[in-house]
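Per-chain numbering from 1; labels A, B, C and D assigned in written order.
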């Protein structure tokens, strides 16, 4: 069914590993991103990494360090500045400021610096084995931290007041979550790029919440969708030679539309039998 | 109504001489409140009277400038654990991935670190409490799509699962229609009585509470008065509290609190609270 | 685990086979990660346990049946070396040296590609993973090649990094090295060397081709000499530093400030002072020709082109990668000729046919 | 006096034609962005505003492939995507997520078309360059487009001002009063996409967004009256634009000498600064709570 290179070529093996890890991480972090209505943050944080990359090129250090510093720093700043109501404004301004700083670094660099742009795209077919190891370790750390924060974070996302009244250090929990988002971006962007990082954070959970409302099921479903999306994209990308990013976002969109129509259908049946629906 | 003071020497909540000052403005002045197990207390006051500040003090989210707060027995330091809190309203997107059941379960262990482990006990307690608040019907629907009254019930169930000695409800009635408001009050008072939980219910309108309240805390201008309804709603007492003449009128079996001096203000009283009651005071 | 160990052993065997005299290649960046992968996997076994679980399915599919990298050893492919040029001009040079004995792929391939936003796809990765000879520019111009190579480590692969081969430091500002007349001979020689290593029996052929290639550059060099003699020190304006090395070789004077060139190259906003200088170059006719990057036309470039036309200054479009229907030599010759035409008779040439 | 002038404005500032033009066009874009921005902020649509710029990038990539002027790609895609977001996310809570979905599709399409561009035509790269743009080097043909767009959006905004305001603040009330809230919302998003694409075209998506959101966000902290907020916002936007241009001009003589610092950087940072200052000035009440906590300890 599949030509053998799909699973045996070293770069494809690396792509499967890296892609799967990133898909798992993004699906779980994405659950909370959607829960907290932070789609914009998920878009911003990976992009803020660009400025870090540009800065690293300017200072002649490893772009990955720049990326990590700016992604985590940007996430923390958003967490610090953003209140619940005006979160989007703070996020937008942080994004703009980060990109502006990127422009400065690019502008001051004398040499060819478009490697900073390359950071935004990532290279799923160019993942080294060292990168696999770092990705694995950092993903594990992120997932453990997320598991540790799980219940308080969930409660704080539902109602800050209740969480505070229960003695949860809400501010601290939220900041930790922002660090997790920043780290996720720093892990994911070099593997699949800023665009896919964003798609994977938002897409699978957005699809899942249309199908079920139980937290656990949403998480399980989005994990499934996320991993499936990446795998399918890898297969399609391998045979067509088209960019994997395109497939990930298009599969995400198709899943989303499908889920929406399922929901619409269910809604109509529910209207006919109102008491059996739930 | 139950006899609130009989045989219960230890208050479950004691506020002594609480004052809160922001800059130079006094928001609360020497407030003294004692709440005993099983009581239903209405915390009544108009906007700006200091209700939310008092609430924050009780919850331990705000330390008062002066005075002491004691929750539970005298030696118990873990105030917040003994307090079930029901916020005014949830601000949730309609598609938030959370069922009513999940929300209620957070009452059980939402403050603990780590992932919840599946246990039958946990499931049983959640189902039990959902039955108790009569919310089992919509427990599997997304929280964001429920009505205000339905959300309110879930929040109450959530708060009850913390095994509180005090249930604190912040203006639960302000977003509800008359029928839901009535149901929520009945529910809370029934559960409070059954389990011996003290209920503090914040409201700016005391009408719906009159049948179930044991005592009332009346807040005006940062000052608080606590007592039974006939003791508080007296012209001399309230005049003293407001610092200007107020009259409590009994019109056809109803109580009206009418601001005295300001009748010249277009013929309307500046502040009037109209109380309805079956009891003749 | 098994699969990796098997691969590690095979890799070791292969090193014995391909062990060659490479003393004179010592100035090249020769990537030969022999056996490294096998050892690393064993060393970090604990850390990788999770990953192995994740990918066991995919590995199972492959380890028993087929060996991933053995497919393209020279002996199994009828004396054909699989080679990759990161940019198509380098691929073209490999093709010219290797002739029928190489199968060359350009990653940034025909017709033309802008490297600014290049993202490699699975086919590129697949080809890189199999190639035994790779030529890439370096200087951050084709960073994706490093990633692709790291993504599929390969023992017998020789990577010629042109910038390193020519001894440029990492801080070299202008990465468009192939416009420098002396670059390609210095690239062609190691290519020939490596091909000889891989196919020792065809050594005379490769040497012959190398000589032919070096000789064929003469026309272009002559054109540049002609430019130098007739128009040495003539002022020219550019948008990007694409063809700067060629202009320098002809001793034309690039009057555009470097700040402007770098800003356009990196896609940031040029400073107003630089813009003013650049525009005045055209308005006051301080330059005889405007040379622009045909492949990355943005609004800033458009504005300059219109200005140049208004003031009767000819424009010459140059290409960042080799245009279709050209070889490296004809491409360079054509651009030099176009430049000459523009200087001589004020004729604009925007595209190469 | 002259020396002070020279200190503030590096030599040649006022003689430079490109600076003059940048100031003029920039002020125009800053003003219209500032006015629109207030609505963006009170409607909580910063994410859409930002996403619109990215949609434009996808449009430009398509335009390159079919070889039409990228301006049209920009505008068409912006308007199309805006409409898509509007239809997908009808309720406020859904809007962020549906913006995200549409954005991710747009970016995916962009990456496909970039790929096709690079494989089938010689012209790519420009979509990347659109992030920063060059305000000092505006292609002459864009000037009339920018003017026309500014006038169009300005006039339309003026026409729908009151119903738009009402439906932004209280959609329920607006519906009762007979305002077609859905239509308002759609018209606004289309207007927004025009403003964003116009700004992106002239000086890059980055500056367009920062001028749209920053000054307006600062203005809403300074005053609670709509008219004043719009005035403040436009003024702050123009100020940031002017200061940014002056600084960018002067920075040519800063280290490393001969490399002007990009104007995008200055304007973005200034806008953030304005926002933070405005926030600080209106944040007294939160400081009070902290004081109260201290008293007890």
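To be clear about the criterion, contacts are C-beta pairs under 8 Å (C-beta built on N, C-alpha and C of every residue); 3 or more make two chains touch, one makes a residue touch a chain.
Listed by chain with UniProt protein names: A, D = ABC transporter, TroCD-like; B = ABC transporter; C = ABC-type metal ion transporter, periplasmic subunit.
If you're wondering where the values come from, they're calculated on a predicted model, not measured in any experiment.
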**OP:** Identify the chains adjacent to both subunit B (ABC transporter) and subunit D (ABC transporter, TroCD-like) in the sense defined at the top.
**Re:** A
Subject >> Pair sharing more residue contacts (C-beta pairs) when A-C is set against A-B >> reply: A-C
Original post:
Based on Cα centres, what is the most central chain?
Top reply: A
Subject >> Chain separated most widely from subunit C, comparing mean CA positions >> reply: B
Original post:
Taking each chain's centre as the mean position of its Cα atoms, how many Å separate subunit A (ABC transporter, TroCD-like) from subunit C?
Top reply: 34
Original post:
Centre to centre, by mean C-alpha position, how many angstrom separate subunit C and subunit D (ABC transporter, TroCD-like)?
Top reply: 39
Subject >> Inter-centroid spacing, subunit C versus subunit B (ABC transporter) (mean Cα positions, whole Å) >> reply: 74
Subject >> For subunit C, residues that touch 2 or more chains besides their own >> reply: 116-119, 121, 258, 262-263, 267-269
Original post:
Which subunit D (ABC transporter, TroCD-like) residues sit where two or more other chains touch them?
Top reply: 93, 97, 111, 114-115, 128, 131-132, 259-262, 264
Original post:
Do you know which subunit B (ABC transporter) residues sit against two or more other chains?
Top reply: 92-93, 95-96
Subject >> subunit B (ABC transporter) residues touching subunit A (ABC transporter, TroCD-like) - in the complex, by the definition given at the top >> reply: 59-61, 78, 80-81, 83, 85, 87, 90-93, 95-99, 101-103, 106, 109-116, 137-138, 140-143, 155, 158-159, 162, 168, 170
Original post:
Which subunit A (ABC transporter, TroCD-like) residues qualify as touching subunit B (ABC transporter) in the complex?
Top reply: 31, 34-35, 37, 84, 147-152, 154-155, 158-159, 161-168, 205, 208-210, 212-216, 218, 278
Original post:
For subunit C, which residues are in contact with subunit D (ABC transporter, TroCD-like) within the complex?
Top reply: 108-109, 111-114, 116-119, 121, 257-259, 262-263, 267-276, 279, 294-300, 302-304, 306, 319, 323
**OP:** Would you tell me which residues of subunit D (ABC transporter, TroCD-like) are touching subunit C in their complex?
**Re:** 12, 16-19, 22, 111, 114-115, 118-142, 201, 203-204, 245, 248-249, 251-252, 258-264
**OP:** Please give the residue numbers of subunit C that touch subunit A (ABC transporter, TroCD-like) in the complex, ascending.
**Re:** 37, 40-41, 44, 47-48, 50-51, 54-55, 58-59, 61-63, 65-66, 68-69, 115-126, 128-129, 139-141, 143-144, 146-154, 170-175, 258, 262-263, 265-269
